[in-house]
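Below you'll find the structure I mean.
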């Protein structure tokens, strides 16, 4: 029983992390129908950005987590936003209006490029790097279940930020513009929405969330590597598809489902942790076959 | 930067001197670059096949640079009279097909005298036959799969697979059982859980450990796998924790092992984690390896070996930092095997492809003290150095706790 | 904006166009005869006698300086003789000159320790590089002065025998260029300058090719070859089979070429799925892996699942069928899933495949130990990986594999071409263009898509079977996500739906890394960057499908028109 | 009474809670042209989609020559109902001839193997298809543009190409969705003549159209759909005189109605 509870807790924490990344995927896809494969790398770069910020801090600040931690978040988010904006401006924007595949290939190229750039240029990034110990230590113990405080923080941030995002998109003027652009870019343009601005903003929002996720990832797991972006990016995109691409709520729910499938299938399914990935993808395929639009997606209207 | 410009100034200076000596820069007869050794017979190449890009490149670059160090030293000491040696490092991307291409490239060059590599046993499988075809000696610093030398039935009916293949590292069927003996007999851990990363190295090691643990009366309470790119192990740890193991054996390398150990501790599973030479690295502790974690490694402890210390110092002097990684010292020894055998082969004569046969004989007969201890090969091409040491993390550093040979 | 800038430059440079070009051409010739480096480098002389004194042996000019000399002569000819679209030709030659000079000078500077190596600072005189760069810049400026006209269109028709002759010469030239590209910089591992020499050669080849294309020759020849399609294919295949007899005919390049061929055949299969049917497949290499595993298990290797071996053709057929079945299974969600969602299903399948293979599912894959020791193919006792001797000619090892794979690629191309121009091919393209309309035409889209997956997977499985024997080992590590991406990139780089495109794309993506081994640390980074740049500047690929080519031409016309209008406004 | 070619019996369609069609019945006799009109949002397109198999009616049936139509557009086409689209849906980067040959798809029998090996039988089939396609192109009046990309054709020609492509499926019934949208009077006139000629070949036609004048000049019978219900059905004269039709069209006389409709269309575009 305690194992089950512990695994549930683990799954929720993993889900919280994936959710933060998945939101970036789902928003970008919702607006310009692009699987932004490089989004996972934005998350990775943010993590290194946070680490670099810490390394650059003077020694006495390094010892004050209350200052160092926020600065790391700022650093990580700044790097993520910068990379995302540059990527949108110079890699994706020139391709808008071309075939559907071109930007996708570009996204794959950006992904490979970012990963390799960090590996070659970030000192010692060829191997895993330890993350500074400025995060709250210890566990929240609920009976036999241990949840690290970083995990708790991750869940709080993930849920909190997605609620803020959802509210912003539903209530604000810019949010309306985003929704309008997602549904019908041409009409939105006629209504005075500047699509370029909306798209950049979408990338920025995604990058901010990925930045938070990147720094929290280091804090929660104590180490980062250049592959983390790809791996979690795939999960996050899967989560976005599972929940219904374009839906904020869907992405979050999808992410939690994936986190839970991973830990629970590793625990209870035959083959154990060897096949936990396989189960994620099996569930994904089943969901897509029986509910192609994802859990919370709009059913696709036949164009005729 | 400064070092570089000093070096270039030296090159420029010496080159100018040479040119001045010739009286004009029309002289196109080349090769002499002002070193003090006689290199009149030309240049010979030591090949390296290792992953130089991608996620295993830390290990691969360590192998490449350590081989370069050995070659540099040989050039300075004029180990091979009449020849200058160079290293030609080829990337295999940890991919067997790419490894085959890299090996073919080296094998078409008549001046390649031997190859150091590979890192991955799976890549070695494609490289072995290609090099054998041309009788090029291959010395691996890192392949631990026993099948590479002794065939699929390595325990019951060992049979030499490739007469050109040698290795200076230890094999899974020694290291795994040695670790098992330590865990069960010395440390008294009867209930052991196994985690592997699913790759050849870790799987092979864990499989051999498992056999020996059972033989010695211990119990394997569970075997789990983590993805090679994973960073979050909470699921695996929770599962293992429910089985109440007294120790965890990890088959894999330090980038995963360090964080795994830390996350185990954080999740309340405070038992020692043990691994093979793949986790015997200072980075393991940096990445979260905790007090009391264990590792096996080949040879006697470094402190007791003057050769090992001098390797570390020379490496640091040449490359500025100690990033030779897990297999640097083995690679250094591998390169030295090739250089030593080459010196004997070309003694008083000149190199040509027909000398490769003699190279094989000379490598098989090679014997010296290297950075990892005694370097010598048995009839299968395996290292005769069967001395293994168990290390334990004590005060944030590896400390040897037991040295010996695996005796069954 | 940019058009305005150019037109301003044109007005300033227009009268100087010809003199500048002549000056540049003369300088290029001079640069070729000047010394380039003041001393012998650490790893031996910078290649090809570049420390030669001023003018003392003009007939000994080789290597990159020979290329410079040629560029100089070409530039002078283009500037003085009546050349069609002269500006475009000069621009290409100028960039070529610049590239060759810059690459060599840069390499000397870096390896030789500073600018002293290419100037007079160290007491010796070596201005070759500097003069070459200046020459290149002058010619580029001159070309803008003259103006960039559209590519000339050669209208004249030739009789069939003459056309055949032209095509023979052209393809012979291609063969020569390919062989030269492969062998430049040396074959073995000994030449420390191989990477730079190769880049320099690429600069030369690129410049000449662009100039020929600018003058209209390339377009004319491709039109000719389309007219005489069958003849062209035969000649091309013959050229491919002649490669082993050239300088590139050594074991290493046979191995590389064979691997390229295997991936090219796979890429053509993928082109059916992506290029014709418009279905994005991100896990395609898994089918190749399945084919390889099946062949390996029937090969009689020690760790194979089946203890017996089947003749290769039978094993290959089974491999294709099994891969095809998996293809149909993976494709089946397409009945309900649309577009990008399908991409994620294929990606998921790819991941499931690697995971399962790694865990030795069903005992078929031997897990992380892989299946080693797969015997080489043999025919009448001749093992495919050995060298063979026919009369006086000794062919390098692996040549039989090469021939087998050339035939495989040719067969795959034929399959692709026949399908493309058939009822089924039209249905696929219709689905790609507009799925609803295709259904309204009575096309069973689900069935057709599964068929595309099935055929594509079969081709991949077949290629995988050859792969298993060629490499001797089948490990899950050869079939990872990055390979799928590389294959996809090959298809898109070459041009979607285009047959020669897939072969060219695969060649580039697998030859360039081989030639650029010197830069191995940056290889993948360059690969990523290249993907971005290609999509940015040539999204239809290098050899676009005829339809897409028309699309592109249309766009270019529009652009030209716009530019015209803008220029008039300005 | 002979079996009608196409018959919709009591077709209802419900989306969520929205009743888009309420028991619509329509009969098409062989060799006739039926028009379907109604204000925006009346359910014309929904009804059309029921006829073409894109939607399966919630209740009711669609029968072709007495047989219930399958619920799959591809199978419906196979059975003999072809259609065009309101906003032209050609295959833009295929040539004109290839577009029509795609229409022949369902009447050609070459399977994968034949397509792979291009045997003599295959060659014959391909040649026949090409000839038939050329005939149809000539029939709709598209000559000498076989190898143009379809997207490069002028607007009116694209409409005609769509009709040729639909005819290539050898349909018994042709459904035209606003065939004159965006056309000038001359082109509209030509389209009318083309539809008459199609009828002469024995194909029955259903036309949806906003242009009431065009419908009344073209059709043998007209059905008016308002808010998902069939309001009136009958000959043009009957429908034109029916006061409910006038009322349905905003209570204005037909000429003004048409004007309004045009204006509405302008906004839509």
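In order of appearance the chains are A, B, C and D, and numbering begins at 1 in each one.
Note that a contact is a pair of C-beta atoms (placed from the backbone, for glycine too) under 8 Å apart; a residue touches a chain by one contact, two chains touch by 3 or more.
Bear in mind that the values here come from a model prediction, so they are computed numbers and not experimental data.
A simple rule picks the central chain: find each chain's mean C-alpha point, then take the one closest to the mean of all protein C-alpha atoms, which gives C. Farthest from subunit A, judged by the mean position of CA atoms in each chain, is D.
Rounded to whole angstrom units, the spacing between the C-alpha centres of subunit B and subunit C is 36. Each chain gets one centre point, the mean of its Cα atoms, and the points for subunit A and subunit D are 47 Å apart. Among the residues of subunit B, those in touch with two or more other chains are 53, 57, 198, 225.
Among the residues of subunit A, those touching two or more other chains are numbered 116, 230, 274, 277, 302, 304. The set of subunit D residues touching two or more other chains comprises 54, 85. Note for the complex: subunit A touches subunit C at residues 29, 33, 35, 91, 94-95, 98-106, 108-117, 120, 230, 234, 237-238, 241, 245, 271, 274-275, 277-278, 281-282, 284-285, 288-290, 292, 300, 302-304.
Interface residues of subunit B, counted against subunit C in their complex, comprise 5, 7-9, 11-12, 15-16, 18-19, 24-26, 28, 30-31, 33, 43, 45, 47, 52-54, 57, 86, 88-91, 94-97, 100-102, 104-112, 120-122, 125-126, 129, 133, 145, 147, 151-152, 198-200, 203-204, 225.
Of all residues in subunit B, only 53, 55, 57-58, 61, 198, 223-227, 229-232, 234-236, 238-239, 241-242, 254-256, 258-259, 262-263, 266-268, 283, 286-288, 323, 325 touch subunit A in the complex they form. Listed in rising order, the residues of subunit C touching subunit D in the complex are 415, 418-419, 422-427, 429-430, 433-434, 436-445, 451, 455, 547-548, 550-551, 554. Within the complex, the subunit D residues that touch subunit C are 52, 54, 72-75, 77-78, 82-83, 85, 89-95, 98, 101-106, 108, 110, 112, 114-118, 122, 125-126, 129, 149, 152, 165, 169.
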